[in-house]
Amino acid sequence: MRPSGRNLDEMRAVSIDVGVTKHAEGSCLIKVGDTHVLCTASIEDRPPPFLKGTGLGWVTAEYGMLPRSTGSRMRREATAGKQGGRTVEIQRLIGRSLRAGVDRVALGERQITVDCDVLQADGGTRCASITGGWVALRLAVNKLMKAGDVLSDPLAEPVSAVSCGIYAGQPVLDLDYPEDSEAGVDGNFVMTGDRLIEVQMSAEGATFSRKEMEQLMALAEQGTAELTAAQKAAVA
Amino acid sequence: MRPSGRNLDEMRAVSIDVGVTKHAEGSCLIKVGDTHVLCTASIEDRPPPFLKGTGLGWVTAEYGMLPRSTGSRMRREATAGKQGGRTVEIQRLIGRSLRAGVDRVALGERQITVDCDVLQADGGTRCASITGGWVALRLAVNKLMKAGDVLSDPLAEPVSAVSCGIYAGQPVLDLDYPEDSEAGVDGNFVMTGDRLIEVQMSAEGATFSRKEMEQLMALAEQGTAELTAAQKAAVA
Amino acid sequence: MRPSGRNLDEMRAVSIDVGVTKHAEGSCLIKVGDTHVLCTASIEDRPPPFLKGTGLGWVTAEYGMLPRSTGSRMRREATAGKQGGRTVEIQRLIGRSLRAGVDRVALGERQITVDCDVLQADGGTRCASITGGWVALRLAVNKLMKAGDVLSDPLAEPVSAVSCGIYAGQPVLDLDYPEDSEAGVDGNFVMTGDRLIEVQMSAEGATFSRKEMEQLMALAEQGTAELTAAQKAAVA
Amino acid sequence: MRPSGRNLDEMRAVSIDVGVTKHAEGSCLIKVGDTHVLCTASIEDRPPPFLKGTGLGWVTAEYGMLPRSTGSRMRREATAGKQGGRTVEIQRLIGRSLRAGVDRVALGERQITVDCDVLQADGGTRCASITGGWVALRLAVNKLMKAGDVLSDPLAEPVSAVSCGIYAGQPVLDLDYPEDSEAGVDGNFVMTGDRLIEVQMSAEGATFSRKEMEQLMALAEQGTAELTAAQKAAVA
Amino acid sequence: MRPSGRNLDEMRAVSIDVGVTKHAEGSCLIKVGDTHVLCTASIEDRPPPFLKGTGLGWVTAEYGMLPRSTGSRMRREATAGKQGGRTVEIQRLIGRSLRAGVDRVALGERQITVDCDVLQADGGTRCASITGGWVALRLAVNKLMKAGDVLSDPLAEPVSAVSCGIYAGQPVLDLDYPEDSEAGVDGNFVMTGDRLIEVQMSAEGATFSRKEMEQLMALAEQGTAELTAAQKAAVA
Amino acid sequence: MRPSGRNLDEMRAVSIDVGVTKHAEGSCLIKVGDTHVLCTASIEDRPPPFLKGTGLGWVTAEYGMLPRSTGSRMRREATAGKQGGRTVEIQRLIGRSLRAGVDRVALGERQITVDCDVLQADGGTRCASITGGWVALRLAVNKLMKAGDVLSDPLAEPVSAVSCGIYAGQPVLDLDYPEDSEAGVDGNFVMTGDRLIEVQMSAEGATFSRKEMEQLMALAEQGTAELTAAQKAAVA
């Protein structure tokens, strides 16, 4: 029934290659099916101005899509002169999600910027960015710990994210682009272990019941469990 | 226990005054406690370009805060040269929420722009904007129907929204600013009747369980029911 | 002869409600007929950089119109990405006018920003902004004096403003929108007591004589006297 | 008493050289003392969109200062990314002033853009721009009439402008920069023949009486009469 | 003598992988040593407006660097709100270079946009972009020809580019970043077969002789011959 | 054969008037045929931030065209909100070229900004800007030396620039606009004495041989020798 032939609760194939750029303190290329995102984590020794003297660190994120990561070429945001509303929304979500899994006292007064750049898009880019972004962040933090700059580990369980939605009347896990563009209801779920960090369910031109909400929630728990395993394997 | 002395499941006082500006096709001033939002609905006879010839109408929203609607003066976005990320996120949410309650075929090829301008802020401005925005939209649509420009009513049940969160370890309904700035977890719930339109729960530097999610959900159902009654009374 | 039925030298009804927002140090809602402007004064303890160390204070102003304050919806300036030429011109005028009535030594090294936001427009918004802006400023200064932060009163007589023009061949006082859009010549007059602060007379596609200039000037003196009385009553 | 040694009612030396660029339909270099402005008039065969089909023409103006036209180098507005408030105010004034002297029906559906670029500044650049701008406009219109594209002359008497102010307690004509930066009150007067087009009197941190206003007005009449003679000689 | 241990006339290893994204009509990932650039070619059926009705096609290019493609993180241009001067210069060069190798009549009224996004930078990114950009363009044109949309091949010999410079007093081929940042003189040479398309030699804080210019030119001929071979192998 | 009737190796008439503005530390108006550029050099006592404490000075340049310097009016860049790609490219070239002729240690920790504003354009504006810009720079440096602020002369031989191209199949010196718009190949050559600073040859939709490159190079050497003589005469 799904365009890809997957089962309702079947994720796409996930791969995470680490250490893909020579400059970044942490990096990975995450592939969730045909969605490919290059994630890098860059450490700066200074925190943002509003945290000066607080002892707290900061993690922030930026998101971008290459102009031809999509089916038809999009205008480059640098040419347009600003980031679009969707981009801003997504990078705020990534930053919030990653910060929820960080002990900012343990991190100390520094900033880590996670850049998530979509090389190829096929639905679920924000979720792949969170999942891959955490891996890049983990690797950068490992470097800080190895160098003795950070003593107590500021990260605990991986943070990962997956989208679910009602497609053709059925709750399905990990929407790809053909599903995403048809689904009346879809949600993004960010989790760490069995705890929730962010739930965003939204109906464009439709509505949904509490029962449907719970069905999607259950699929999401299953999906993030798989992603967590992939993250752990990647950083091992 | 709450700074305002309210019960955990107690909304702030809600008032909705309609017809508050002489120019707009629909308007109201909604007050949810000390949060005051002026909502206007403006009809344009042409749909946006991407809907030309489809027979479908469009509803969109814009959001703004007066510079001194807040405790300390904020920079005016027109001076800054762009809308901030938070503003963009909020106005996209308002637009999506209102559209979910509109039969766009019945509306026909026209556009209604709902402007939500915060005169005074005390938490929950986006929810008040959705609730008041629907009232302004309803009044504008009434005008179209009375004039015979729209024959079948494109609106059904009111769309309303409320925020809930975990404050001092307890789930509470309708966060005001002092609560909102302390809450580790908060959510915005948009409903129409007993159906959900949008759920956004988010933990800044924290996490939450499925059980907590459901407690907040239950409070939200109670809150939006009260708001719906106020909306119906206002447009009667 | 006037669309509103007023006499040639008759002002519209003026009301000034003070203390209309809970956050601002001074605020009022001024209504001059159907022109409604929300004015707030915000105190900052630091002067602008160019006054650091001079012992002088600063008063500045910003002006905005809500998108649907007008007959047809205007584009929001925050969306357009900049303030239009008219807005810039008006807020510079408001700032200059208010400063002319301030003893900047007595004010001391601090800045007061007066925001004038038009909720509903029917001509004469810049004049209403100056008149209401002074009231907000007066209330904010009262607060500083009561707290002992300012010892000698930096404000003297109220600053107020009114527009006059040649409408249908006759000099008239306090143009409303239907008159303003027809008048070939119109002027804005800012006064304090019997002294002038700013005179701007301009002819779009027309010219005027020195005699007409003096007729308008005389009407303006009468109008600002009425406004001054209303300002004094409001802050009493 | 004046820094330049001029009498109170003495203009600076004025020269207007016409035909100074080979491309523009009309052009002049106006020098009012050490203030030098290059004015060009460019004809476009199409009116601006809002006049399409009305039979009316349009005259508009743009103003700029070369970065080192002033005592210390100013930032280039093209680098800053926008025109400053002062620039916008001035070019709106120039456009309004020139249009007041144009019969837009006689001009027909076309647009003339007058560019006023300050090569060297020593006070009074906006007035010199209006005076020189009219000369460039006159020459461009002559070209249209010679070519038979315009049959009835859309221009009548020259439009010219001069500044006056209260300097060291005395009303003086044609302020140069050292006077302008000291004067508490100054005004710009735009005239055509003995009729007024625009009067802008403004007091930065001061006030003025009606009597002073009239003294400045009288000086302005004398100054614009001299300028009108220079304009007529230049275009003869 | 070179930091990399290469001979003076030795290129870095070059690899070109084609078909690396599923959406673009043509694509490759070119690696010149540690400089990695993702090049895509996107076909639009319409030419840019200025070519409408001329029968001519257009090829244009855009260039970007991922924020952490470099040793320290650069600000994202979409966040900065505009493309920097260096970016603009480079993308204009890429576009001009590729167009020089295109028969625009044979291409017909369509536009091909070549996007060159630097994933990892180690000097020579503009040259790698031209070389890889041509490969992406070739593949996109092949697609048009296979589909019968273009009948006569608009491309002839490959267009490729290499940088040379005077490093430590010696002319060297294919500068990497450590060399580039030290070289007083460097040049970029774009060739097709034995013909030149663009030569840009520039001395930052130094000068060079005609003899040195010819030495660099000779190295460039050798380098582009190697690149041409790699391009031909990649598209075979 | 050339539209102007000049010989293939004949420059246009060159004149350089110095001291043309009263404010700038150095200035000239350079005319190369009908191309007229006003060049000013402005001294700032502080270097740009990145040179603080290095003992090195900086020379930078900005370039602009008046809107009607060209055959049809161009949009003002300050109105467009940014400098176009061509402007950015040109001003970077001017800055680089002038810096190559400066001993930045001798200049000391200060910045000189050279503004090149085109009053009238007829081809070759960037070359005229470099040639005239050097004269303005020379005069500003003379002032510093005369005041004893700079002890050892940071400038040596003049820096000058000329364009050459293949026009109607023939190599020609100093392209004017009608030639420039037809030439398939053109180059800009910046020299100081017999040394090269910058060579930019480019073929829009064409290619060229090494032999043609050398023919243009030889013409350029002849042209810059003439310009150098004019520069020396001007500053004598």
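Here the chain labels run A, B, C, D, E and F in written order, and each chain numbers its own residues starting at 1.
As a convention for this text, contacts are C-beta pairs under 8 Å (C-beta built on N, C-alpha and C of every residue); 3 or more make two chains touch, one makes a residue touch a chain.
The structure presented is a predicted model; accordingly, all values stated were derived computationally and were not measured.
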Item to check | Any chain that touches chain D and chain B | outcome: C
Checklist entry - How many links in the shortest chain of touching chains run from chain A to chain C? => result 2
Checklist entry - What are the chains that chain D and chain E both touch? => result F
Next on the checklist: Let me spell it out: compute each chain's centre from its C-alpha atoms, then which one is farthest from chain E's centre?
Outcome noted: C
Item to check | Cα-superposition angle relating the copies chain F and chain B, to nearest 5° | outcome: 180
Next on the checklist: Based only on mean CA positions, could you tell me how far chain A sits from chain E in angstrom?
Outcome noted: 33
Item to check | Computed distance of Cα centres, chain F from chain A, in Å | outcome: 51
Item to check | Euclidean distance of C-alpha centroids - chain A vs chain B, Å | outcome: 28
Next on the checklist: For chain C, give me the residues that contact two or more of the other chains.
Outcome noted: 82
Checklist outcome for this item: So, starting at chain D and moving first to chain F, the ring lists as D, F, E, A, B, C
Checklist entry - In their complex, what parts of chain D are in touch with chain F? => result 21-24, 27, 34, 38, 40, 42, 44, 62, 64, 66-73, 76-83, 87, 113, 115, 117, 119-122
Item to check | chain E to chain F touching residues, read off their complex | outcome: 82, 85, 88-89, 92, 96, 99-100, 102, 104, 187, 192, 194-210, 213, 217
